[in-house]
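Read through the structure below, which is laid out as structure tokens, and then see the notes.
As written, the chains take the letters A, B, C and D, and residue 1 is the first residue of each chain.
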Amino acid sequence: MAHLTDPERTQALVNRVRRIGGQLQAVERALEGGADCAVTLQRVAAVRGAVAGLMDEIMLDHLRAHVAAPGLSDAERQRGADELAAVLSRYAK
Amino acid sequence: MAHLTDPERTQALVNRVRRIGGQLQAVERALEGGADCAVTLQRVAAVRGAVAGLMDEIMLDHLRAHVAAPGLSDAERQRGADELAAVLSRYAK
Amino acid sequence: MAHLTDPERTQALVNRVRRIGGQLQAVERALEGGADCAVTLQRVAAVRGAVAGLMDEIMLDHLRAHVAAPGLSDAERQRGADELAAVLSRYAK
Amino acid sequence: MAHLTDPERTQALVNRVRRIGGQLQAVERALEGGADCAVTLQRVAAVRGAVAGLMDEIMLDHLRAHVAAPGLSDAERQRGADELAAVLSRYAK
């Protein structure tokens, strides 16, 4: 993301996405292997929770970097707020 | 809310809260009247959707008034962002 | 709800709805009293959590009474499952 | 899943999981490529919606196959309901 100038922060988020990818593959194995329904359900619920957490982190990064950070112009703040609003509205459904 | 200096905006939110109160009383009547389960379920789902919409509006009001608005100090923006972050984290679970 | 033949169970759910009504009135007071934005946000988030909990309880009551309970006909179970499915789909968005 | 004796149904769910995997990789590319924040936010929101939809499908499959289906014993229905309840409670938070 444009504000992610800190390689460590970017890598932390990338690692998080890859972990979710691994959890998703565990769902695929459960489906293909005919695993017990409850196992598959729990694995999908875990993916859902992990994605919500990732979403949360990226929204807060965006809030701090593109709306609240010192030195931004009013127009930049407005744009950052609009971008967050678009996702929040979708998220709140 | 502290930034709500527009009486019309405040009244619109208060009216929205009162409508949700009315929906909630409809749930109460359904429970007490032994209404069909599906009816009660649908009414509670409607309350949940209405509260999510109210939450969305108040978060966006807060974002625009306490984080993105021109003329705020860096400290005020930081505080506004922290307040939104606290609710977002709870909201994302 | 039709299966709620236990007055105590019904009263417990009614009390729960009334508590949410009280929380909602606290949101209304915060709005009208120009309370701090963060306070209003937290109160709405609390209502949202309480409604989700109520929804959860009523869905599980429905699942046990109208789908899983011994002695139901296949048609009754099918109907109970359809009613739950309608709410779940709306809930999962 | 144990009740998935229909290979087509299983494949449809596996395909759905793989599509989500593709969406997740798009998030990873956005992060690594320093894409615009709004793009990354929208992509994560899309993953979240897709996972919620998958969760919905698998819960309904479970409801119909392990709780409502004709011919199940009372104990099997009870177990199916308990498994769904465990996921619903987690889901409702």
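Following the convention adopted for this analysis, a residue touches a chain if its C-beta (ideal position, glycine included) is under 8 Å from a C-beta of that chain, and two chains touch if they have at least 3 such contacts.
Note that the coordinates shown come from a computational prediction; the quantities given were computed from them, not determined experimentally.
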| note | Contacts shared by chain A with chain B include exactly none
| query | Copy of B-C's interface among C-D, A-D or A-B, judged by over half the contact pairs being the same? | reply | A-D
| field | Chain centre separation (chain A, chain C; CA means) in Å | value | 28
| request: Starting from the mean Cα coordinates of chain A and chain D, work out the distance between those two points in Å. | output: 17
| remark: chain C to chain D, mean C-alpha position gap in Å, rounds to 23
| said: Multi-chain contacts only, two chains or more: what residues does chain B have there? | reply: 49, 52, 55, 59, 80, 84, 91, 93
| task | Please categorise the chain-chain contact pattern as a line, ring, star, complete graph or other. | result | ring
| field | Contacting residues of chain A [partner chain D, same complex] | value | 1-4, 10, 13-14, 17-18, 20-21, 24-25, 27-28, 30-32, 34-38, 40-42, 44-45, 47-49, 51-52, 54-55, 58-59, 61-62, 65-66, 80, 83-84, 86-87, 90-91
| Across the complex, what residues on chain A touch chain B? | 49, 52-53, 55-56, 59-60, 63-64, 67-68, 70, 74, 77-78, 80-81, 84-85, 88-89, 91-93
